[in-house]
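Presented sequentially are two complexes of chain A, the first with chain B as partner and the second with chain C.
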Partner chain A sequence: MEEASMSDRLPEEQNPIVQNANIHVTITYTRRTLLAGAAAATAAATVGTVITTMPARAADPISTEDLSAFVTLSAALTGIQDKQLAPGFDRAPPGSDSIDIKRDYFRWVKEKRSVAFEKLLGIAKGNPKPAAQAIIEQVQADPESKYLARSIVLMWYLGAWYDPDDLKILAEPPASPPEVSHKVISAKAYTQGWVWRVAQAHPMGSSDMQFGYWQRKPNPERPDFFGGA
Partner chain B sequence: MADECKRYDVAIVGSGVAGALIAKRLATRGKKVVILEAGAKIPPNINDYMERFYTATFKVPESPYTPALFSPADSTLLRDLADPSTVNAGRPTVLSLGKGKWNDPKKSYLIQGRKDGDQPFASTYERVAGGTCTHWLGTCLRFSVKDFKMKSVYGQFVDWPIGYKDLDVWYGQAERELGVAADVRDQAGLGIPYASGYAYPMPKIPESLVDQAVADALAKLTEAERAMLGMDDPKKPIRVISTPAARNSQPYGNRRACAGNTNCIPICPIQAKYDPTITLYDVLDTGNVEFIDRAVANEVVVGPNGRVSQINYIRYEKDFKEPGQTTRTGCVTATVYVIAANSIETPRLLLMSKIGDREGVVANSTGLVGKNLMDHPYYVAWALMPKDRPVYPYRGPLSTSGIEDLRDGKFRRERGAFRVDIGNEGWNFVVGGFGGDPNITTRDFVNGMNLSELNSKDITGLDRDNAALFGAELAKTLNDLIPRQIRLGFLVEQSPVSSNAVTLSDRSITDGLGLRRPQISYRLSEYTRNGIAHAKRMADLIFDKMGARQFTKIPDDAFRFDGEIDGKKVPLNYTGAGHVMGTYRMGSNAKDSVVDSFQRSWDHRNLFLVGSGTFPTTGTANPTLTIAALSLRTADKILREDLR
Partner chain C sequence: MGDSRWLGAGMAGAVGLIGLLSLPDAAAAQTPATKALAPPCNMLSDLVSTNPPQLTPVDEANKDKLLTSGLPCAETVHGEGPAGKSRLENFQRGFDFYSWLTFIALNTPADDSEIKNARPDTRTKWEDMRHFRQLADIMLKEGKAPQWGERRPQEIPLACRKDFKPGMMVIQLIEESFNQPFKTGPLIDQNGNYALFDILLNQQMFDYIVNNKLYSRKEQMRNSTLKVDFPAGTNPPPDQPSGGDPGTVMLKVSWKVLESDKEKERFHNVDALISIPGSEDGRTKAACVRKTLGMIGFHVGHKTKNRLQWIWTSFEHVNNVPEQKDVEARNLQASYNFYDAACDVRKCPVNATPPRPWRFPDPSLKFHSGFKSQIARVTPLTDDTKEINAKFQNILKGTVWANYMLLSTQWPTDFGCSSKTVSNPVPNLPPNTDFDKQPDMTCAPAPAFLANSTLETYSQGSVPQASSSCMACHGNAVSYQRRPPNAPPDAKFFNQSDFTFTLEKAR
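Let's turn to the complex of A and B:
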C-alpha cells in the first residue's frame, strides 16, 4: 500500500529507543493524507494514534530469527509474498516498514497461544523458504497447530482475532454450540487487512484512491503479490 | 413555571437534518435559537467515531456512534446487547432486529410484536448530534409530480396538500445546502420538471463497474419484458442512471471530493458526503444558538390559550443509567417550537405530553399522531457474476447509480412502485449482516465452512465442498470469487395504514430515564407486498440477463412472508431502508391531518412538527431531500409570519 513514512527510515535494529522499549514514536502518514488535506488527516490520525499507542509497553524484544520465522510461516499460510506482508524484511539486515503490523501480530499470537505458536515457528524454522507447501502440510498434522494456523491467516486477512477454540467449534460444531465471535485487533489491523487487497479493493472506510477510480478496472488487473504453494 | 425557563425566539427538539437546517436559516437571520439534542454533542473531530467503526466487530450503521451497542462496551457477543432499560437515550439498532431480539424488550429499544401478526419495523435511527443522517447513504432524489398525487392520479391513499411546484424552489435550495452532485438530463422522463436552466451544484458521480454491468443487462430486456416489469411505454429503455447524491464530486462547502472509501454508511472518513454536523457547525458559528446536548425533551406544555408555552427536558450525564444516577430537569420557552425528532421520537414526545392530566392529546385532536408509520420496505437480492466477468465491488461510494424508470406507472393503482439501488459493496451486508462480507467468505475458506454458500466445488472448481484452504490456493480462490459479488436493492413504496402505529409502551417498560418507550405495531399491506413481489421478479430477470448465479436467501424469520408471482406462492421478505415516515401527516384541513403543508400543528399554531413524519405517502424517493426542502420552506414561513 503506498505508505511513506515522515520519520527517518532507520531499521529498528539501529534505533536503540525503538529496539529496547518497543515504543513506536513515529506517526505514519499515508499517501492519502499527504495528498488530500485536513479532512483526511483526521481519519488517518485515528490509525496513527493506534500505531503510537498499541505497542507502547515494554514488551519482550522479538528476535530477528523469530520474526523471520513468523513472516515465513505467515507468507506460506496466507499465500501472500513475504516482502508484501513485511516490507523491507527480504533485505539483510531487514529494513523496517512504517506500518509494521507484523510485530503487533507476533505479540498478539504469542500472548494468546504461546506454546502452540512456538511449535508453528519451529515448523517455519525447519523449512527455510521456498518450502510453503511443506509448512502447510506440517501445520495440519495436529488440530492445535491447524486451528492456530487458521487464526493467524484470518488475522492477516481480516485484522481480527478468531480464537482457535472458536474456529474448532465452528468447523466441528458440538451438539449445542455456544455463541462465538471475533475481535478486531486494532484500527490499524483492520486497515491492513489483506482480504481487501486480494479482492482488489480497499478496506471499507480506508481508501488510498482518488475520485472516480471506481469507473475503471483495478490496475494491475490481476494481483501481483501472491506467493508460492 | 414558565418564568424560570430561559427564553428564545425558537426552541428546536432534535439536531438532525431538519432541525439543523431550520436552525441555520433562523440563526443566520439573527434569531435566538436553542436546540435540545437527546444524544451526544458534535465531537471535536470524527476520530473517535472512526476508531469505533474500525474496531467494531459488527460494522452496523450504528457502530461508530453512541451509546455503545453492547454492555460491557467491549463485548462482541450478541447475548451482551445492551438492555435498553439501562440506556438514557436509547435507539433501535440493526443488531436488535434479529430472531428472538426484535420482540424482546430487553434487547430491542422499540417494543414490537405485541399483537398477533405483527411484523418487525426494520428501520433504525440515531439519537446523536446530526441525527440519523450521520449514517445515511446520501441519496438526494426529488419526488416526482405524481408522488404527491396518489389519490387523484391512482385512486390510492391521499394527496399531499402541496405539489411538486410548491417544492421546486426549495428542492433547489436544499440541493445547495447539502451539496448535491447530479445531472438534470439524467432525470428527464421521470416526471420531475426542473426549472428551466436549473443545474445541480456539482457534476454527477460517475458510474461504477457494477453499474455498467447492470446497464448492459437492462439493454438486453425485450419489449415484452419491459411491459411485464410495468413500463407504461415498453418501447422506452429501462436505464441505469447516476443517483443524485449529497456527495462531493468536486470540492464543495469546504469539503473535498469523494475518494471512494465505500463507507458512506456508517461514516465517510473524509466527510465528502454531507452530514448535518456540517450545518450544525454553521449554526454554532452564528453565535445565536445554544446547543444543549444529552437533553431529552419529555413534555410539550400547552398554555390555556392553546399555544405551546414551554418544553421540559431531562439532562443526563452518562450514556448508561448508573445506580442512583442524578439527572437534572430543565425547560425552555420560545415564541416558536419545532419538534424535529424523527417519525418515532416526535410522536413519542407528543404522546407523553399532557394537557391538564390528559395524556396523548397534544397536537392530536384528530387522534392521528403516531398513525400511518411507513418505510420503504427493502427487498435485497444478490448473485455471483460469471467467472470471467468480475465487477470489482468494495470500490467507490456504496451506491453510485440506480434504476428510476419503475418509480411510476399505471401499476400504482394496484401495487407499490420501487426504485432500485445498485450496490458497490458486494455481499457486505447480505451475508452475515452488516460488515458480513468479505469476512464471512474469508472465514468459510479458511475454516472449511459454507455460510456464504460459495464454498462448494461446482462454484470453486476445487475437488471438494467446504474446502479449508491455505496459501496461494486460498488467495486465488478469494480473488476469483469476491470481485464477482453483486447486490441489488429495491426500495418499495409503502401504503399508509392507520393500524401501523407508534404508541407508548406499558408504564413498566421504560428507558434509563424512566420514560416510556415507543411501541410499534406494523405489518405490510397487500399493496406493499405486491410491490415486493414485483421487485423479486425484476431481480430475477436482471440476474438472468447478466448470466449471474443468484444466492438470495429468504431465512425463516419474522421478515418472511408468502407472496404471489404469476399465481405461484413464493417466499419473500424485506428489511428496512432507514426511511422512517408518516406518523404526523400533513393535510389540507384540520380534520384529517396533524399539520398543514408548512408543518404547522393545526391544534397549536406556534408548534411545528417537521421531518418525514409529515409525509402523507412515501413516494419512491429517499426522504432526506424532501425533508430538507420542507424544512427550508417551514423556516421561511416562520421568518415571514411568526418572527417578523
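Let's turn to the complex of A and C:
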C-alpha cells in the first residue's frame, strides 16, 4: 500500500500519519473521531516529558492486563474505539472477539521490539481511560517509543508491519531511503486492515459486505466503519 | 448440468400425472396428527443461574427434561460462566447447548414418542413432511407453486412410484446431491459408494417462499426489488409462558449407503428411494433405487431475532473420520466411514478429491473407479465441545443418537451488528433485516471457520474467504434479478437472498 488518500475532505479533517516522499498514508477522520485520531498524529510534533519508567515484568501475551493495555494504547494511537478494535474486551468476563487479531498483533510486536513494547504498555497502564491525549503525548516524547507507536498504527490500519527504524529514517530528513519494505503479517491481518473499513471498501479478494453493496454509495454517517460509536 | 437434471426429474414427475388415480394416497396413509416442533419454545439454557454462574446439569436427573422440551425458538445464551472462561467461551457453550437441544428436538420420533426409546430406523420429526419439505419438492418444474404437507402421489418421481410406500424418504438427485459446495468433488465411502446430500426447509421458510413466489425464477425477477428477509425465530416475551415462534429453519443432511445389518445398528437410517434422472440425450433412462441410508452429517441453519445472520449447527457421526493430529500420531481406530487406517499415505493421500470424471451416479451408486475417500478432520473439536458432547451422548446412551457429535455452532459475535434492523420498517416484512453497507454483514462469526467432514470435506481449514465458514459463504447467496435493458441476452443478475442458496434452485 503505497498511498491511500481521501482528498475530498476539509483540511482540518485530514490527518497525515506517515508522510514523506516515499510513503504517504492519509487517514480521513470525521469530527467524531478527531480528538483521539488527530491527537495520535499531530502529537508527532509535540515533545513532552521523556518516559523513563519501565515495567520490570516481561509482557505476557495471555495476560488480560497486558492485552487490555495494548488495546487502550492502540485505541489512543489509531483513533478507533477500543470496543471496535477488541469487541467485548471491556465486559466481564472480557472477550467476545472471535477474530482476535489483537492477540496476533500483540505477539508480533512483542517478538519484534520487546523492550520498547514494554515501555508503551507501561504508558497505557499508567494512564487509565479516558487518556488518549496523555498517552499520545507521552509516546511522542520518547524517541524509542514513538516510531514503534507509528508501526503499531500502520499495523492496525494496513495489517502490515513497517519497521520502526525505517519509519525513523523517513521522519528525520535528510535521509531518503529508496524504499521502505513492509510485511503483511498474516492472511487474517490482511483481511482486518482498518484502512479498508474506513474507506467503506474491502481488500482485494476478501469481502464480507452484502452482495450488491457496490451499488450503494459510501455513507459518511456510519460510525461502525471508521471506528466510532 | 444441475438444471437439466432437475428438468429430467421434473418431467418424470409431470408425466406421472397420468397414473395418478391408481396410486395410494400418501397423505391419507400417514400417521395421526403430530405435535408441532414449537411452540412451546424450549427455553432451557446452559446456565441454571447467572449469579453465581451455575451450569445446567446434563445428567440422569435432568435427562427427561433435556430430551423432551422441544425445539428452541431462539437461543438463550449468556456471557457469564465458570471462573476462567472468557465471554466468548461462555457464549459458545450456550450456543452449543442450544445446538444439542435443537438436534434432539428435530430427531425426536415423528410419532411424538420419546427419543430415549427410538430405534435406529425410527422416523424423525424432520423426516416427516408435515414438519419439513425437501427442496426438490419446493422448486418445481416451470416454477409451479408447491403445496405444504405430506408428499402427494404426483410429487413422487415416476420411476420411483411402484416402490414408494408412505413414510419412505425420496431423494431426487441433482448435482448438489453428490458434489460438494463449489463443485469441489464427491465424497466416496469405504465401500466405494457416493455419499448423498439433501436439503430441507421448515414451514415458515416454505410459506415465505410461496407468499413471495420465490419458487419461480420468473417471479423472482419480476419481484426483484424484494429484500429477501425470512422470518426470524423468537422466544415468548418475558413473563409469558406461551407464544414465540421458531422462525426459519433449514437443514442439510448427508447420507451413507448402508450395506449390512451390522452397519444399520450404528446409524440413524432410513428406507429410501433415490431418484436418478435420465440423461439429456436420452441414452440413460430415469431410474430409481431403493437403499438403506445412514445419517452421517446434519446441518441446521436457524434465523433468530437477535442472530439475523442465522445460527449454524453442525453434527456428524462419531466414526466418520479421524482428526488430523490423530493421523499424524497414528492414534487411529480400526475403521472409519471415510478413512482407511491400514492404507499408507502415499497410496491414500489425505483429503484428496476423487479422480475425475465426477459423473452423475449410476443406479449402483458406486464411484467409477476403486477410489475411496481418505478424509481427516483438519480443525479439531474444542475441549469444551468435547465435554458437552460427552454429557449429551451419555443421556442418549442406548440409542443410535449417542453416535453423533456436535462439531460446533457458528454464531455472530457482534451483537450490535447481528440484530440490526432497518429504521424505516416495511410492513409485513419481518424482521426488516439491515445488511446494507455493513462493513461485515456476517458480524464476526465464531468460530471463524466451521466444516463438516462430510459436507465441506474439501474446504476445511482457516484461510479467509477460502476455507469453510457457514456465514461467510452463505452471505454470498443470491436469487435472480431482473435484467437491465442494455444487458447482454445471456447475462444473469442477482440479488442477495438472506443467507440461503436455495432460491437459486427456482425453476
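Basically, the second predicted complex is superposed on the first by the 147 of 229 C-alpha atoms of A that agree within 3 Å, B and C clash if a C-alpha of one lies under 4 Å from a C-alpha of the other, contacts with A are read in each partner's own complex, and residues count from 1 in each chain.
FYI, contacts are C-beta pairs under 8 Å (C-beta built on N, C-alpha and C of every residue); 3 or more make two chains touch, one makes a residue touch a chain.
Not measured: the values here are computed from a predicted model.
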item	value
Which of chain B and chain C A:Gly122 touches, first, second, both or neither	neither
Which of chain B and chain C A:Glu179 touches, first, second, both or neither	first
Which partner reaches more residues of chain A (counting touched residues only), chain B or chain C	B
First (chain B), second (chain C), both or neither touched by A:Thr191	both
Touching partner for A:Gly88 - first (chain B), second (chain C), both, neither	second
First, second, both or neither for A:Gln200, with chain B first and chain C second	both
Partner chain(s) touched by A:Gly212 [first = chain B, second = chain C, both, neither]	both
On chain A, positions contacted by chain B and by chain C	187, 190-191, 200, 205-207, 209-213, 216, 218, 222
Residues on chain A engaged by chain C in the complex (per definition of touch)	87-88, 91-99, 187-188, 190-191, 197, 200, 205-213, 216, 218-219, 222, 224-225
Residues of chain A touching chain B in the complex	32, 36-37, 39-40, 42-43, 45-47, 49-50, 76-80, 132-133, 136, 139-140, 149-150, 153-154, 157-158, 160, 162, 167, 170-171, 179, 181-184, 186-187, 190-191, 195-196, 198-202, 204-207, 209-218, 222-223, 226-229
Residues on chain C engaged by chain A in the complex (per definition of touch)	79-81, 85-88, 90-91, 413-414, 416-417, 435-442, 444-448, 463-465, 472, 475-478, 494-496
List of chain B residues in touch with chain A within their complex	45-47, 50-51, 53-57, 59, 76-79, 206-209, 249-250, 255-263, 267, 269-272, 392-397, 400, 424-426, 428, 438-439, 442-443, 446-449, 468, 470-476, 478-479, 482-483
